[in-house]
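Here is the structure we will look at.
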Amino acid sequence: MSTLKAATRDKLRGVSTATISTALFKRGFRNQCIQDVHPLNPSLGTMVGEAFTLRYIPAREDLNPITVFHDREHPQRKGIEECPPGAVFVVDSRKDPRAASAGAILVSRLMVRGVEGIVTDGGFRDAPEIAKLAIHAFHNRPSAPTNLTCHQAIDTNVPIGCGDAPVFPGDVIVGDGDGVLVIPAHLADEIADEAVEMTAFEDFVAEKVLEGRTIMGLYPPTSEQTRADFAAWRKEKKR
Amino acid sequence: MSTLKAATRDKLRGVSTATISTALFKRGFRNQCIQDVHPLNPSLGTMVGEAFTLRYIPAREDLNPITVFHDREHPQRKGIEECPPGAVFVVDSRKDPRAASAGAILVSRLMVRGVEGIVTDGGFRDAPEIAKLAIHAFHNRPSAPTNLTCHQAIDTNVPIGCGDAPVFPGDVIVGDGDGVLVIPAHLADEIADEAVEMTAFEDFVAEKVLEGRTIMGLYPPTSEQTRADFAAWRKEKKR
Amino acid sequence: MSTLKAATRDKLRGVSTATISTALFKRGFRNQCIQDVHPLNPSLGTMVGEAFTLRYIPAREDLNPITVFHDREHPQRKGIEECPPGAVFVVDSRKDPRAASAGAILVSRLMVRGVEGIVTDGGFRDAPEIAKLAIHAFHNRPSAPTNLTCHQAIDTNVPIGCGDAPVFPGDVIVGDGDGVLVIPAHLADEIADEAVEMTAFEDFVAEKVLEGRTIMGLYPPTSEQTRADFAAWRKEKKR
Amino acid sequence: MSTLKAATRDKLRGVSTATISTALFKRGFRNQCIQDVHPLNPSLGTMVGEAFTLRYIPAREDLNPITVFHDREHPQRKGIEECPPGAVFVVDSRKDPRAASAGAILVSRLMVRGVEGIVTDGGFRDAPEIAKLAIHAFHNRPSAPTNLTCHQAIDTNVPIGCGDAPVFPGDVIVGDGDGVLVIPAHLADEIADEAVEMTAFEDFVAEKVLEGRTIMGLYPPTSEQTRADFAAWRKEKKR
Amino acid sequence: MSTLKAATRDKLRGVSTATISTALFKRGFRNQCIQDVHPLNPSLGTMVGEAFTLRYIPAREDLNPITVFHDREHPQRKGIEECPPGAVFVVDSRKDPRAASAGAILVSRLMVRGVEGIVTDGGFRDAPEIAKLAIHAFHNRPSAPTNLTCHQAIDTNVPIGCGDAPVFPGDVIVGDGDGVLVIPAHLADEIADEAVEMTAFEDFVAEKVLEGRTIMGLYPPTSEQTRADFAAWRKEKKR
Amino acid sequence: MSTLKAATRDKLRGVSTATISTALFKRGFRNQCIQDVHPLNPSLGTMVGEAFTLRYIPAREDLNPITVFHDREHPQRKGIEECPPGAVFVVDSRKDPRAASAGAILVSRLMVRGVEGIVTDGGFRDAPEIAKLAIHAFHNRPSAPTNLTCHQAIDTNVPIGCGDAPVFPGDVIVGDGDGVLVIPAHLADEIADEAVEMTAFEDFVAEKVLEGRTIMGLYPPTSEQTRADFAAWRKEKKR
């Protein structure tokens, strides 16, 4: 279902958003962090999945009666059913948490469908209940009012802005305790590979630093010795 | 004493402010949330009661010596004694918490008289003590100074603004962990009925969603099947 | 029609809000200035009239269709027709200028009816047109949207807050280039008398100070000599 | 080319955004004002045209080299050429004026093509030059930096948010000294008709009020007499 | 009367606060500038006079009835009469301009008594009138309310803070278009001498720089040549 | 003396900072604008020169007696004499205008020495005098106090930050009414060439657009026709 390779997903689950951010910076990306969103259930570990997007615009009253949900083509409801298992549902709420972006029932449905997580730059209703679900969820703050008050779902799976970052459908979203990062889709495999390598090296460095070694020649590995030691360490650790 | 039917009160105690907010939205109400007030004692569950209001205006010095409380007709003191058991005492403090709207003694009196709760868009004195009382209380922030410094109680049980929402005497006030909502009085019974129905349906939906059913045709219940299943579920659950 | 004596009105027209503010201070009033309102037509001189009040609360949608104005009892429209000639129409807009408190047609009607002025702690629509009318008008800032969007007229001629000052119906409102002051009704005559005396005396003092006299015994007039000189000065000046 | 009827356009040019705002309110629209945009050339009179939209998202570095403009399908450039004569080009810049939404050359092109105006909730480069062009332009503030720094043009003629208002392609945009309003497309003709009627009536009322007539029965016209007088006035004035 | 030598006063009138500030810096003084005060009558030239101080504290209501002025020992009134001709009346208003520090009558009295000027880090009432008087006056902004509302005059001629600078009675106050500086009393003569020298030298330097000479050896005058040239220049210019 | 070629300087004088900003963007530079500095003498046209830098750190009292200026090696004074004719003196004042970065005498010396201009992200003393000199000067705001109070000149011609932009000695600084841009030294010639071309082309485009030509194929010039027309236009215009 997912366009994200299982191997890539596994690799990304084992690295941090900090490491990914450095790998992105190396390729010229400075603005791939969804700003000011917070996890409701940080104990679930790292969220990894390709982006499926929902775009809200300011609600126009005549187009947003409660009956809009009877329409099976309503973008929010359709999006909830179409978001692929393993994906992350990313919502452009124009950074406005005065009305909810979604509530516990829809987030439950995403969870049951195997969706990896949901991110909004607005807020969720039923935030305490969502915090008990086994699905990643990131928002700005809790928000009780019905989304229709402020937000009109307008389309799904188009490029959006979320928390000041650009998000294209299929981009790979990674979230952990530090926040949420957006990896451009075509770079996911190479970023994952590189981040795994970086993480192995960072683990090696951390170990050596704690043993008392200087960072000179070690971090980055400019000395022959460091490179030899790292090779030996990898063999020993089978990494 | 209370004009709110016992049955309606019971129904509202079993539903959430989020559900009520949707029921109000269906009838065109977008502005019934008292903004920026926080519960002092969230463990008490859901507050439900009809509004009894107190209106403050900026205090004029000559009219607000400490001796005003000697007058049995002083609106604040009279209001405390006249607020019906089961009602919610709602105070228009012009969103100004620089002086207290009330303190622990008056709130205790309300509690002993069987009043359901108190809400102000200003602040309470003795907030830590109020937080230990068995009465719902919502305010903006604690505030030590005597109310007479800033606030002149001018009348009771007139329409007021509170936290940017309109509050008419007799409106039904519901508060929970998400905040405080104002139900127009003439709609209380039907909103309660509808919210109970909505809650039953939402519980049914939540159960079905966790069992794996799609939200299409389920939420909202546009399919025959859903309506039949829900009828069966209600029968079984006796709801 | 007006409850304000013609003599009192005349006296107040000849004094400044600064002098009135001192006279009020002498009686313990520190909070009688309507804050943050600005005159649209400062060239009209000093505004003097007794307060006729209008109170707005936040608008509830079902109670504020455009048809509310068909009701001859609608508080805003009724107030416009009932405000006595010579009075000042004072509006409690909860310091919210996001929607208009009134527009040019209603202000024109007040003008034609002989009303002295209008003050709101919100904003006017058609502000440029109002600025051309021969009626005093003070507001916070121009505001285009229909009042019904935010403001529900709830009653007239009750005590209100306006710009953080208490305003009771019948209080005497005085406005000039420095702002707007509220004189409690029962003090209007004596404040007017005193302010006229103070103004005469201040003019006398200013003259004497420029002639070189010490302020000791002069300002305030604690010496016999000063009082005698002032009496002579008044006789001479016929003041 | 334009989907807006010439007659409707003419009618809207003769009414104010304040009157339109009331006509929209009557139909339940409270949020059709593009907030916080200012005209660069207010002397051009009233802007009227149907919306043609451009949507920006935050710029991703690899997708926004300067060469994007070589692509004839680049949304900004394509939009400039496709925006119909008589239309208003409305840009969703996410209320971010830190980089330009457009500059003088593109705005000149719109002008030459007969486009009615341009509105952004961001800023323009070359603002002083744009202010000299014979085309309506509204923005938040001048902004020198290249748009590619912050903004990626993503698509044209989709529904957008602009200054917190919803804008659908084909909606009728009206701007004057008070700001910019969005009339839903399907209501343009009837709002135009109604606003013309309202304006005629308001002119009649203003005249009568200045002649001394009460607003009761006049504004709104609940009396037979008013309706008859207005009919006569219209006949006389040929309006 | 004045303790400030006439010669010193004359010298200081001919130099700038900028030059004085450098002379003070040389002696270790970094904080002698009264911050954020503005001249009401900048056309009067440079103000020079020894400080006579008035200290306000926050007003306590019981100690500040209007009758305090009947007391000839009231610090504000006494100060106005005692401030020596030629001195500068410096008021510690705790940088609070919400109530007036003084008004036109008292400032007129200072003027008539031959006082050089008045400085407050608060505000003046009757500011437009004061701006027409022939006396230097510096304040933060105009302020209408009676001083007794906020300020209690507590004593005169004690050390005070004014605009974040320390002011001791007898310190020499100099004010010009750039602001107000405080010269410690015991340094007034030498600062005046030095500033005159510095000004002569700066005029000489400015002339030479414009003629093309390097600042090395010139500014400061570390070369023999510079000192010789300056001596010649002074002889020629008779400075 | 200057390392900047005369031809490059001339070219840059004829283009705008907006055009340069685009040319820099093409090469990946997004942050070369010195933020929040304003020209004192905008009528002098465009400032162009290579950067000669002065770095201030917060002043330590013992290291900043007035006698530091006797030292011919004092960085500020030395810098003033060493800054090459034609260069721009750029001062890192850590965006702190509370004390002066320089005053009129030093700026005069720069002018006489043929220096092109001076830029600080702090403030100048004697700003009104500097505004009358025939040398470009950009600062944040006027500032009277001696620089030694806050700023210690620490070295010259090292890389600095100025107004949030990086500035390396030899970088080419261009300033006009829109602000100040920093061109990395090694790119100055090519940016100048390109900006001249761009400006010629923009002038050509502006002309064609006003004549009615589409921007497609014109801006950017992707069609053969455009390139041919532009070639002809250049020949005709001799550009």
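Order as written gives the chain letters A, B, C, D, E and F; numbering starts at 1 within each chain.
The criterion applied here is as follows: a contact is a pair of C-beta atoms (placed from the backbone, for glycine too) under 8 Å apart; a residue touches a chain by one contact, two chains touch by 3 or more.
All figures in this text were calculated on a predicted structure; none of them were measured in a lab.
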For chain F, the least number of touch steps when starting out from chain B: 3
If a chain touches chain A and chain D alike, it appears here: none
Copies chain C and chain D - rotation angle from C-alpha fit, nearest 5 degrees: 90
Copies chain C and chain B - interface residue numbers shared by over half, same or different: same
Distance from the mean Cα position of chain C to that of chain A, given in whole angstrom: 59
CA centroid of chain D to CA centroid of chain E, Å: 55
Centre-to-centre distance between chain D and chain B (centres being mean Cα positions), rounded to whole Å: 41
Per-residue multi-chain contacts in chain E, two or more chains: none
Chain pairs in mutual contact under the definition given at the outset: A-B, A-D, B-C, C-D, C-E, D-F, E-F
Residues of chain B defined as touching chain C within the complex: 27-32, 57-63, 94, 152, 154-155, 158-161, 164-166, 168, 184
List of chain F residues in touch with chain D within their complex: 17-18, 21-22, 25-26, 30, 33, 178-179, 202, 205-206, 209-212, 214-217, 219-220, 222
List of chain F residues in touch with chain E within their complex: 65-66, 69-70, 72, 77, 80-81, 103-106, 108-109, 112-113, 125-126, 144-146, 148-149
